[in-house]
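Two complexes follow with chain A in common, the first pairing it with chain B and the second with chain C.
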Partner chain A sequence: MLPRFDLLRPTTVAEAVGCLSEESVPYCGGTELLLAMRAGLYRPSALVDIKRVPELRGIRLRDGVLSIGAATSHRVVALDALVRGQLPMLATVEQGVGNARVRAQGSVGGNLCFAEPKSDLATALVAYEASVSLTSAGGTREVLVSELIQGAYFADKEPDELLVSIEIPLPGDHDAVYLKYQTMERPTVGVAVMNDRSGRRCRVVVGAVGEVPVVWEGTDPSEVVPDEIAELVDPVVDLTGSARYKRHVTAVYVRRALRALEGSHPS
Partner chain B sequence: MSDVPRPLKIAGQSVRRRDLVEKVTGAAEYCVDVTMPGMLHAKVVRSDRAHARILEINTGEALAHRGVVAVVTAADLKPLFPRFGHIIADHWILASGKVRYYGEPVALVVAESLADATDAAELVRVDYDDLPAVLDAEEALAAGAALVHEESYPATADDSFKILAGGVHETDASVEDRPTNLAHEVTLEWGDVDQAFADAAVVVESQAGYPMLYAYAMEPYNAVASYGDGELRVVSTAQHPYMVREDLARVFGLPLAKVRVIAPYLGGGYGSKSYTKVEPLAALGSWVTRRPVKLVLDIEESIYTTRVDSAQVQVRSAFAADGTILARAFDIVMDSGAYADNSPLVLAKCVNRCFGPYRVPNLRVRGRSVYTNTAPASSYRGFGAPQGNLAGETNLDRAAEQLGIDPADIRRRNLVAKGESLLPGKRGMDAELVADLDMVVASLERDRRDEPGYGIGFGCAASDAGAFPVSTAQVRIQTDGSVTVLSGSTEMGQGSRSLLAQVAAEELGVDLDQVAVVQSDTAITPYERTTGASRTTTLVGLALQRACADARAKIRQMAAEVAGVSPESVADAPGGVELPDGSTAGFGDVVQRWFGGSAGEVTGIGLLRREGPTQEMPPFWEIGMVGVGVDVDLETGHVVVDQLVTVADVGFAVNPKAVEGQDLGAATQGLGAALYEELVYDGPQLVNANVVDYRVPRMGDLPRKIDLMLAERRDGVGPYGAKGAGEGTLNPIGGAVAAAVARAVGRWPTRLPLTPERVWRLANGIEEDD
Partner chain C sequence: MIEAVSFLPITLTVNGVEVTRVVEPRTLLADFVRDDLGLTGTKVSCRLQVCGACTVLVDDLPVSACTYLAVDADGADVRTVEGLSDGENLHPLQEAFVEKFALQCGFCTPGFLMMSKALATENPTADRAEIIEHLEGNICRCTGYRPIVEAVECALARMRKVPSE
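Now for the complex of A and B:
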C-alpha cells in the first residue's frame, strides 16, 4: 500500500521548482512513482503534483524546434497533428508505448526522468538529437537526452530541477523508422534509424537492450553493418533473454529497421 | 423422469450471465469488499530466507507502534491445532521452530489500520540461523539432502482421497522409518511392461519439463474473520468453503456448525483457491484480539502462498510397426514446495492421466511429489493432467514421426472407443474420441499454411473428473411461485449462478427471472464438497434436479390434500400442477392454500452420493481435444498462435456460450504455460513474483482464428446428458503447441514455456547454456 505523504499542488513552474527537494519530488502521471512507492522502494515525504502547471503542457513549434511540455501524455503526443506531420516516427513510437492506460496517464517528462532502460521514447529522442530543458531556482539548463540518460534509473538531474520541456530540432529532408521487438510488458530491443538526407547524416540508436541507448553515426544507411551494431550494445541479461540472444535480435532488428527505412522512402 | 425426452426450453440456451451487469459496473461484491464492525487489519511478516531455524522473534518495537493491537506468532498457537492440510495436515499456520521457504508467514501484525499494520510489520525482528536449503526436486532427492520436514504427519481421515486417486498405489512417505523429502509417491502398473518393450518394433524415449506456474487469478487471496462466543465466521476467497470449514473447526476445536464460511463472488480461482489458504491466519488474528480481522494479500504474497507443481517427466513407449501402442512407462517428479497441500492428489492424477486416452496394454508409472524449500504448490486447473499430458503427447508425436505415421492416425489407432475401459475398474469411456479428433484435424487443415515457420499440432486428453460425487442442493418454492436455489457450490466466474438457475427453471417450468440463486455460505446453503474437477454442471446439476423433483412431489401432495383428490391423480404442469379436472394451479397457489393465508414455503431437497448413475467412478471423463497452428519468426524464435481449435465434448451444453467461454479461457491459460509463463527462482527467491515479469497471455496474444466447436451427444450422466467442462481444453494445449513448434523449426522441445529465446536456440541447435 502507499505510505503516507504530503501532496503539494503548484500552478506555476516557479512555484513548483520552489517546492522541490531531496524529500519532495515531482509527481506527474504516477505510473512509475506510485508503483515504486507502493513496493516500498521509495519513500518521499511530499509529492509535488505538476499536472496543474499549464506551462508544462502542450506542443509548440518555434524556430524550427518542436517543444513538448514535460507533463504532456504519450497519448496527446501520439495524436498531435504537428508531431504526426513533422515527426511521424515519434508519433508511431508514442502510439506504441505500454498500453492505453499508460499512454493516457504517463508523461513524456516522467518517462525520461525515471530513466527506465526499456524506454522507447528515449531511444527515439536520441535519434532526433533532442534535448531537455531543466529548471531550478538557480536557473535553466539544456541537456541532450543522450546525456540526460546516464544509466539504469539514473537521469542527470538534480533533485531541485524540474524537467520543463523536450526540445526537438526539426530535421530537414529525412526518413526515420522505429522498430521494436517486444514480447513482455516492455521492449526487449528498440531500434531507431534516422536518415537526414539534407545533412548527409544517418543515426542508428539501439535502446532497451542495454542500460542506456547506444548510438551509431555515419553518413548513409548503406554503411550500417547490423552485426557490428549488435557488438556495440551491452545487453542487460534478464527474463527476456541472454546476452547472446539479445545481441542476435539486435542485429535482426537493425536489419529489419533498415529494410523498413528503404520501404518508407518515397522514391 | 420419463424415457421420452421432453423438449427443453431453457436448458441449452445461451442465456445472459446473471452476474454480467454487476460485474461490468463494479457493483458486484467480492470478498475484498466485505467489512465487519470494529474490524482490524492484518499484515503478514514473512520469512526472507529459504530454510532457517527461528532463534527469536522480537515483537516489542512492532507492538509499540501506533495502532498495533497484537503481534501473533507461533507461540500463540499453543492451545490450538497448529496446522492445516486436508490430505496431510503438515502446513503450519505460522512457522514454528523453522521457516521452510522464502515468503512463509512468521508473524501476523494486527492493527487499527492497514497502514499501521504494514509499517509495524517492518519492525518485527526475526533472528534466524540459516540451514542448508534444497531449492529444486533433484537437490531434494539427493542423498544426504537437507530435510524440509524432519517429522512426518499422519494423513487426515479424508479417505475420499484414496478413491479419487483412482487406482494408483500409494507409498506414503510417512510410513518409512527414515524421513526424506519425498512428500508422496504413487505407482500405477498393469501388464508385462518389460516383455512388451522387448517385443516392440520401435521404442521411443523422450522427456518433458512442465514449468512452475502461478494460477494468476485477478483477485489475490483475502479473508475477513470474526471469532467470538465459541463461533467463528469467515468470509474468504475459498473455492471450497466446506473444506475450509473442516480445517478451521480442527484448528480451533469447534463444532462444524459453529464455523461459518462464506465465499462471495471469486475473482478467478483456477484451482489456486481450492482448500485452505489465508483463512487460518485471519481467524487466528481474530481469536487473539477478539475483534474481526481482515487480511488481504498482494499478488507477490499470493504467488508465495500457492503455486503450481512443476514436473519433470521421462517417458518410454513401445510400438508395433503400425503404430499400435504396446507399452508405456513414465517417471514423474513434481516439485511440490514446502508443504503438501493438495499436491499428493495432483500427483496421483498426473500418474493416471499422463498416458492419455489411449489403449495401453502394459503400463508402468511412477510418480513422486517432492518437498523443496520453495513456495508450496497445490491444485491447478487440469489437476496434474497438463504436466503429464505434455510428456505423453509429445512422446506420441515423436513416435509418429519416427514411424512415418500421420500424427492423427497414430491417435485414431490407439484412442479408446466409447464404452471401452481406460483405467481398470473405472467407468468406461463416455465419449467418442475419434470423432472429436476428426473435428479438430479438419478445422486445422482447412487453414494450415504451407510456409516456413508454420506448424500445426494437436492433442487429446481424458481426465477422470467430477471428484467425489457428494452434493446436496435445495429449492425453496415461495408463495408467489418464485424459486430460491441454494447451493454450496461457488460462483468463481465460471457461470454456475446462471447454470443452476437454468436447471431449476427448466425442471420447474418457471421463467428464468423467477429463480434466485444463493451460493456458498456454510450456514445457509447445503453441503457441497468442492467446486472443482469441472463437477458443478454434472453433480450439482443432478442434486438440483432431485431437489426440484422433491419439491414437485411435495407440492403434488399438498395440492391433492387441498383439492381432496388422490396424490396420484395430480400431474406436473409448468410452474405448478394439473388437477384431475383439467384445471391447473401454480406453485404459489398450492403453497398459499395449504398453509392458509399468504404464508409458507416448500423446500425440495436433492442429495447425491455414490449410487445409481454416479456409482461408477469417475462420474464422467472430461475430454480435452485441441489443435493449434503457429507462426514462428525463425529469426527471433517468437511464436504467434495463428489457429486455435477446440472441441467441447460436453454431452449437452446447458449454456453453449458459457461452454465456449470456458474452452477459450482454458485454452488461453494453457497457451500461457506453453509460451510465456514460468516462475523463476534465483536462489531462495523468485525473480518474477509480479504480473509484469510473470507474463500471462494478453488480448493481443489471442489467435487469429478461434474455432470453438461443441460435440453434444448426450452421453453424460449429468442433467440432459451433460458432462463437465472448464479444464479439459487446457490439458492438451502444451503438447499441441510443442508439436506445432517442433514441426515449424524441425526439432522437438523438451520443456515449456517455449519462450522466444528457447525456440531460437531450438531452431538453431544451440544449447541453453551456450
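Now for the complex of A and C:
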C-alpha cells in the first residue's frame, strides 16, 4: 500500500504552479513517482495531478519548433502525425519506451523530470538539441535538455517549477537514427545519431550507459570513430553490465547506428 | 486556491456497471477492483509495471492497475477480465487461449487477455511480430509464450471475420 497523501487537481498552469512546494509535488502518470513512494524513497504530503491541465497536453508546430506538452503520453507522441512526419526518429523512440502500459500512462515531462539515467527520450532529445520550458510563480525559463539532465535522478529543476513543454527545433535536411540494446525493462545502451546535412553538423549521443547522455559533435558522420566514442562514455556498473562490457556495446551500437544512417539515406 | 483533499468521491463504469465510491487518493485501482468490488480476476504480482498480471483497460487503453490510482479512473470506463465475455459465451480471445493451451497455472492469463484485447481494439490486423511486440511487457512463467502468441493470432483472425465481437 502507498503512504497517505492528499490530492490537488488544478486545471490551469497558473493554478498548478501555485500548488507546488517541497511537500506538494507534480504527479502525472505516476509510473515513477508511485513506485518511489511505494518503496519509501519519497514521501510527499500531497500530489498535484497535472493531467487535468489542458495546456500541458498536445503537440503543436510553431515557427519551426515542435512543442510537446509535458503531460502528453509516450503513446500519443509515438502515434502523432506531426511527429511521425517531421521527426520520425522520435516517433520510433517513443514507440519503444517500456511497454504498452507505460506508454499509455507515462508522460514525456515525467520521464525528463525523473531523470532516470536509462531514458531513451532524453538521449533522443539531446540529439535534436531540444529544450524544455519550466514555469514557476516567478516566471518561465528555457533550459536545454542536455543541461536539465544533471545526473542520475537529478534534473536541474526547482521544486516550485513545472515542466510545461518540450521544444524541439525542427532540423532542415537531415537523417536521424536511434538504436538501443535492451535485455530488461530499460535500455543497456541507446545511441542517437543526428546528421543535419543543411547545417553540416553531426551529433552522436549515447545514453543509458552512464548517468547522463554523452554527446559527440562533428560535421559529418564519416568522422565518427566508434571506439573513440566508447572511450568518451562514463559507464555505471550495474545489472546490465560491467564498464568494459558497456564500452564494448557502445562501440557496437554506434557502428550499427552509423550503418543504419547510411541505409536511411538513399544517395 | 485549489483545495487539497484526503478523500474524494469517484464515479466510474466497471464492466458496464456504474459504481460510485469515496476513496483515499492512495487507493490503487488493482486494490479497488479486487477488494472493494470483489473482482479478483485482476492479479497482482511484481507491483513494478513489469509483469502485466494486473493489466486492466481504462477507456480502452491498457494500464498497470498495481500502479494506477483509482481516482484517475474517475469518469472512465474500466474493463477487467470479468468484463471480457458477455456472461454466456467466452470472448474469442478466451476461446483461443483454451484451444491453444495458452495457459498453465493461469496467473498471468487475465493480464495477457486484457493486453490482447487492447491490441484487438487498436490494431485488429496486427501480425505476429506486432503481437509479440505488444505483449513484451507481460511475463508468463509457465507457457514459454509461443502458445499465447498463437492464441492471439488465431483470435484476431477470427474477430476479423466476425467484426461485431
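Methods note: the second predicted complex is superposed on the first by the 267 of 267 C-alpha atoms of A that agree within 3 Å, B and C clash if a C-alpha of one lies under 4 Å from a C-alpha of the other, contacts with A are read in each partner's own complex, and residues count from 1 in each chain.
One rule holds for everything that comes next: a residue touches a chain if its C-beta (ideal position, glycine included) is under 8 Å from a C-beta of that chain, and two chains touch if they have at least 3 such contacts.
Values in this document were obtained by computation on a predicted structure and should not be read as measured data.
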item: Partner chain(s) touched by A:R259 [first = chain B, second = chain C, both, neither]; value: neither
item: Which superposed partner A:R60 touches (first chain B, second chain C, both, neither); value: neither
item: First, second, both or neither for A:L239, with chain B first and chain C second; value: first
item: Partner chain(s) touched by A:V102 [first = chain B, second = chain C, both, neither]; value: second
item: Which superposed partner A:Y181 touches (first chain B, second chain C, both, neither); value: first
item: Most chain A residues touched (candidates chain B, chain C); value: C
item: Which of chain B and chain C A:H248 touches, first, second, both or neither; value: first
item: Which superposed partner A:R200 touches (first chain B, second chain C, both, neither); value: neither
item: Contacts of A:R43 with chain B and chain C, given as first, second, both or neither; value: neither
item: Which superposed partner A:P10 touches (first chain B, second chain C, both, neither); value: second
item: Overlap of the chain B and chain C footprints on chain A, listed as residue numbers; value: 1, 3-4, 185
item: Chain A-touching residues of chain C, taken from the complex the two chains share; value: 1-6, 8, 24-26, 28, 31, 47-50, 52, 55, 61-64, 67-69, 71-72, 115, 118, 134, 136-138
item: Touching residues (chain side chain B, partner chain A) in the complex; value: 114-115, 118-119, 635-636, 638, 676, 680, 687-688, 692-693, 695, 755-757, 760-761, 770
item: Interfacial residue positions of chain A with respect to chain B in the complex; value: 1, 3-4, 181, 183-185, 239-242, 244-245, 248-249, 252
item: For the chain A and chain C complex, residues of the former touching the latter; value: 1-10, 15, 18-19, 24, 30-31, 34-35, 38, 46-47, 49, 51, 75, 98-102, 104-105, 185
